[in-house]
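Before we start, here is the structure in question, set down as structure tokens.
In order of appearance the chains are A, B, C, D, E and F, and numbering begins at 1 in each one.
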Amino acid sequence: MHELHPLQIDGLISRSLEEDWGYGDWTTDLCVAKTSIASARIVAKERLLVCGIDVAKAVFAKVDPDLKLETAAESGRTVESGAELLGITGRARSILKGERVALNLFARMCGIATITRQFVEALDGTKAQLLDTRKTTPGLRILEKFATSTGGARNHRFGLCDGVLVKENHIRAAGGISKALERLHESLPPTLKIEVETTNLQEVEEALSAGADIIMLDNMSHETMREAVSLVKGRALLEASGNVKLDTVRGIAECGVDFISTGATIHSARWSDLSLLFEV
Amino acid sequence: MHELHPLQIDGLISRSLEEDWGYGDWTTDLCVAKTSIASARIVAKERLLVCGIDVAKAVFAKVDPDLKLETAAESGRTVESGAELLGITGRARSILKGERVALNLFARMCGIATITRQFVEALDGTKAQLLDTRKTTPGLRILEKFATSTGGARNHRFGLCDGVLVKENHIRAAGGISKALERLHESLPPTLKIEVETTNLQEVEEALSAGADIIMLDNMSHETMREAVSLVKGRALLEASGNVKLDTVRGIAECGVDFISTGATIHSARWSDLSLLFEV
Amino acid sequence: MHELHPLQIDGLISRSLEEDWGYGDWTTDLCVAKTSIASARIVAKERLLVCGIDVAKAVFAKVDPDLKLETAAESGRTVESGAELLGITGRARSILKGERVALNLFARMCGIATITRQFVEALDGTKAQLLDTRKTTPGLRILEKFATSTGGARNHRFGLCDGVLVKENHIRAAGGISKALERLHESLPPTLKIEVETTNLQEVEEALSAGADIIMLDNMSHETMREAVSLVKGRALLEASGNVKLDTVRGIAECGVDFISTGATIHSARWSDLSLLFEV
Amino acid sequence: MHELHPLQIDGLISRSLEEDWGYGDWTTDLCVAKTSIASARIVAKERLLVCGIDVAKAVFAKVDPDLKLETAAESGRTVESGAELLGITGRARSILKGERVALNLFARMCGIATITRQFVEALDGTKAQLLDTRKTTPGLRILEKFATSTGGARNHRFGLCDGVLVKENHIRAAGGISKALERLHESLPPTLKIEVETTNLQEVEEALSAGADIIMLDNMSHETMREAVSLVKGRALLEASGNVKLDTVRGIAECGVDFISTGATIHSARWSDLSLLFEV
Amino acid sequence: MHELHPLQIDGLISRSLEEDWGYGDWTTDLCVAKTSIASARIVAKERLLVCGIDVAKAVFAKVDPDLKLETAAESGRTVESGAELLGITGRARSILKGERVALNLFARMCGIATITRQFVEALDGTKAQLLDTRKTTPGLRILEKFATSTGGARNHRFGLCDGVLVKENHIRAAGGISKALERLHESLPPTLKIEVETTNLQEVEEALSAGADIIMLDNMSHETMREAVSLVKGRALLEASGNVKLDTVRGIAECGVDFISTGATIHSARWSDLSLLFEV
Amino acid sequence: MHELHPLQIDGLISRSLEEDWGYGDWTTDLCVAKTSIASARIVAKERLLVCGIDVAKAVFAKVDPDLKLETAAESGRTVESGAELLGITGRARSILKGERVALNLFARMCGIATITRQFVEALDGTKAQLLDTRKTTPGLRILEKFATSTGGARNHRFGLCDGVLVKENHIRAAGGISKALERLHESLPPTLKIEVETTNLQEVEEALSAGADIIMLDNMSHETMREAVSLVKGRALLEASGNVKLDTVRGIAECGVDFISTGATIHSARWSDLSLLFEV
């Protein structure tokens, strides 16, 4: 699994704290003494897949490098309601000032990882792998894709530069699939594969003969997908896409495709229920 | 309703485009001629409450100030599936490069506004107003609170500086509700109200006599809330909070509280289904 | 008193050092050896109220985390000319490179705190509290308001979002005080109070009956202010404003208002006289 | 006079508006209709030297590029109380949102320019020119030095990189004036002059013979300064410094020095009294 | 060829102007009247391949949006010494303030494109394409890769995220080529190809059977490269690398490889000789 | 020699890592275990002058503060091919992620310093000092000028604010050399010297009598330069400029000028050949 390097989230965390604090935290500064020390722990309030502990830790460390942070759960593991995830000890003010940003990021990451795992489990035993998409919350893509990956999905490209996906509009503008791929084969960095979106078998054939590395089967029926699989015979990777749901995903996989992509694990995820509890 | 000033979203839009583009858009640059012109429209693929058109427009204007943008729906209105929301005409490359970021922001805002409206409609005829919380996606708070407001909710504080919310941990650290409020009354900017979180009637009384402007009734039973309403008799505003759902919100309102707050309209909202269609 | 969190001043300090250094410090780099060690102390050259030591320390720590910094005076205390405020030991180059920015910020903060204390002392024994305003140096508001607070004033709102102040122009645009307050009562975050600026008793009455939380008495005579106090009878807070000076402030307070606001402690403050002395 | 290029103040203006707005301007957004149009003018409420109109205009243009801005006074001119300085027409909301930041910057610049002019007038007929220093508000140096220049002073170096000023501590660290200047003559960019701070005539002689371009006479008596002038005989420029006040500055000039430097025009300036008036 | 979008170079241009201006341009501001108008043109002082005109234009447009800019040469074309490349008309101050930054970027881009074209011409008639590398000037990668592309090279990956290159150290850490590729095939975004660096034929075979898409032949003799070509028989792309020079590049190509990569077109390019001439 | 303060390169290093990483380093993250430890050293692959070790160290420290960094060569010294320059021990991932940025900066700095030293050696025994210019890579000026300085050159001004250079266009716009210098003598910060570009002896005389501190002899013949030297007789510094090459620089120096300036040590430098070797 891909590493989330501290430098890659530092800016987001600073901006998030700024956003949450504005001119400062009146409640805490006026009610809690500067020297007051406390212990707190973040616990799961429901069954969830743990993801984002390091992000939560980075938030608290940014607020106060002196806070003692103890990881209490393993990333990528499912825990039950009540499980402790992270322990925090130090200045009470610092814990209170970091709480909301840490929880907002952490809960979103767990939520995405948890639903992703459900999709992945539905694919168990098939050869299909789940992929994510570029339908992510602006500013959080790297975290959200880290979460789908933690949940067991494989990442599709992160942006417009690390993969090619020739869609209908590109095809039309280029004057057909073969023309589009001709230009790409000529100038594209050779480190990138070419994926083509198709909506019927004729386009699948055209994409295949034009040298597509991956062919996306967009919103096709099971029957058509099965035919596509027979037709392509492994000469290109096949990715099914469109209206993928928890109760339909396995059926799609059984058509024999290599990948199934969905944005739902991100755009339809709700946050996991986490809580920060102060210890007496 | 609060205005979303262009300066307040400019940085977010720049960062979002950077995030989506990385080193650049190979597919578009290699398949679509620089001079190619196109028309596109963003349409609703399901019933939704329109919110965020100006944000989508700002994304496209940032990508290419020469794009012609035509608002086709009114913010705050519910439209049916198929309704056109925004028309875009100009360089095909620019439309394709702005598409994903524009849709990601727009769909999230519509999604939040739409579910908020459902909560608000459930309150119809009661005196209670729906409030949002600080459980928002880091980096997007201003947009997400704009969306709950468009959906008919009233905004609670945006951060730690524009309102005081004395929670259990603050109370404990201060040595009780009265001590906490004493310090706040002494030093707080007089432009801010003081809200106190309570979990039983005794705390409600204590908060009231200590001079709280707003009393949050946290996770109380209907019966307790009704008693709190009788007890307080309008001397403070009452906000119900905790486990608020679409099918329970009206019952809570009927207890007579002034506000009901929930983070669910944000943390459990899924994106609305939007699509950008190129015109032939 | 409100805490100045290191994250809130970090950006300002970086920008200030950049501003002062430009391409670098030729004098120091060419005259002082890299390994040269020195001790210095910042001393008061006149009687002043200490404010901003932590800011000065943050400047030096930014320039060189290895500098040893020793606080020699207590924030909020008045010291006499000659008093040592801060000791600094370490690389001579680092001390010289941080000196000007540290002193510029520190001297400004002491200057504001010192004059604020004079106003506050003039109010001694009355019930009125001194407030500051939004007339602050752009970029330094949080520091300058920290300084007035250290001097004994109470902060008024920090910006446009953490309080409402309905001025003449707002009233006119809204079509009168009651119309303006109606809209505010409907949509404003309930955590914010509403203040209305008035210039005569009729407006005071109108503001009161429209539900203002705070009524500003702008440039009124002592007599009118006294009448306003009788009229309002504690049903709203009263803030006197306009042409407040050290020799008039007590007279205003004796009219019975709750607050007196002035920008003079900031826009008319001169810097305190501080000096950084190298030790032999 | 040095030009203040728009790129040089753009960042400051953005940050200042962010600082003033926070999450947004509730009062204006809720009281003033989006379409409401207004006219306003900034007027002098006291005699002052005009400085900073372009900065005020840049603030309003940033808030709303559609505002019509009309310069009504000439930069560098003294105007009487009541004089109109800038006219603004357009969206009422935009005027209200830009008002405070525009006035804060504009009033500070006029205040500095006005007091500087008084010092400069006191030097009338002497050969001495007034210089400013690096005692400026962090973040505003370029504006504040523009203001002293508008008031008739000549700018001293803007930072540590555009001039050399060898002070006592540098001299001690280098092991004497001649050693310090030897190193500087060897390695300094040849485009920079070397100034040396002296406190007595012996040091003046040492600096002169070591090849100083400018010699600062720090806190010397009139008599000593006159001797320094005779001694140096134009072979170096002489700058008097230390405790320069409006009523002492002419006496210093009459000692025959080339320059008199003071930070007082900045650190002891109060803001000019400006007001933004809405037109009926 | 890949487009250089204005948003992608805007930050670099701002920072470059800041770097060049520092506190401002004394020479121009004091010698040239604000209203003075001039015409200038940038001309080639030697034979060169034109690249970067749009970047130079963006610099001048940033300095002054009112400058009239006329492209006088075509990007990607070779011009002779004396050829005009860009015409600029408007405020003389603006031209002088933008000159150095515009020329520095433009000259570097022409220099890289020009030498790249020489390498590309040396490959004429062979099937090999020239590739660039990640040996680029930090901060300018996108411009420098645009320049190699303009010169006729094909871009290799832009960074660590848009392609995989398994080098000796990765192989060793993974425990061999097959283990490394196994992990990559499992988790890598399917849009990315896998390239493996090899130093002998055994490694070539191993890479091939492990499923490498591209095999880099690092510093191999002509003979070995020819054997590698026969061995691989088109089942993977072959990229020759190491010590590629203008006089050796064709010999390498004739071994039958698909790509030849070199950093020399960037790290050993000198700037083209350009001059900005004012017109009388 | 001027110090390169960590704060002055921190932003560049962050941006450079971002540029190189994009969304992350797939190869390393998938092939190298998180816990894998390694040792590496950067070695010279050719004879070179060491410059930039601290910059390389700052890159690695930014990637991972736990890396152990050991300087193995002295800045400013010439080393032979094979010499070790820097040792790095710690997480293998961190070394691999910092490698390219560290080498790109380090190799560029050595390259510039090395060629500069050749020019400087060619001047050995003459009184002339080598100067650099503002022809530097945008964004890297401070590093590149540090490198010329390490190579033995003296820095000319770093930007437009720390020196005055009156060129032909300024002269024409001002209406002649004397008019230009008159204005400069009146308003320029007295800490800056005035340099005037001249192309013939008449202009040299004019510049001299107008009070130029430095006179640039632009593209003059040896004979003319010698005449200029006799004419000026030390009353101004003389800087030869234009088409300075390694084999012509000594001849120019022997004309008796004080300085010879060239951009070639930067715009025509190629990178030194460095390599990062992992240890077994």
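We adopt the following convention: a contact is a pair of C-beta atoms (placed from the backbone, for glycine too) under 8 Å apart; a residue touches a chain by one contact, two chains touch by 3 or more.
None of these values were measured; they are calculated from a predicted model.
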Please identify each chain that touches chain C as well as chain F. A, B, D, E
Which pair in E-F, C-F or B-F has the same interface as D-E, with over half of the contact pairs matching by residue number? C-F
Tell me which of A-B and D-F has more C-beta pairs in contact. A-B
Fraction-based call for chain F against chain A, same above half, different below: different
Intercentroid distance (Cα basis), chain E paired with chain A, Å: 33
Rounded to a whole Å, what is the gap between the Cα centroids of chain B and chain E? 45
Using mean C-alpha positions as chain centres, tell me how far chain A is from chain D in Å, no decimals. 52
Where chain D touches two or more other chains simultaneously, the residues are 1-2, 21-26, 30, 97, 142, 158-159, 161-162, 164-165, 187, 189, 192
Which word fits how the chains touch one another: line, ring, star, complete or other? complete
Residue numbers of chain C touching chain E in their complex, please. 22-23
Chain D to chain F touching residues, read off their complex: 1-2, 131, 149, 154-158, 161-165, 187, 189-193, 195, 214, 237, 239, 258-259
Considering only the defined contacts, which chain D positions touch chain C in the complex? 12, 15-16, 19-28, 30-33, 36, 38, 92, 96-97, 100-101, 103-105, 107-108, 111, 134-142, 158-162, 164-174, 180, 183-184, 187-189, 192, 267-271, 278
In the complex formed with chain D, which residues of chain E make contact? 14, 17-18, 21-24, 26, 29-30, 34, 62-63, 93, 97
Please name which positions on chain A make contact with chain F in the complex. 1-3, 5, 7-8, 142, 158-159, 161-162
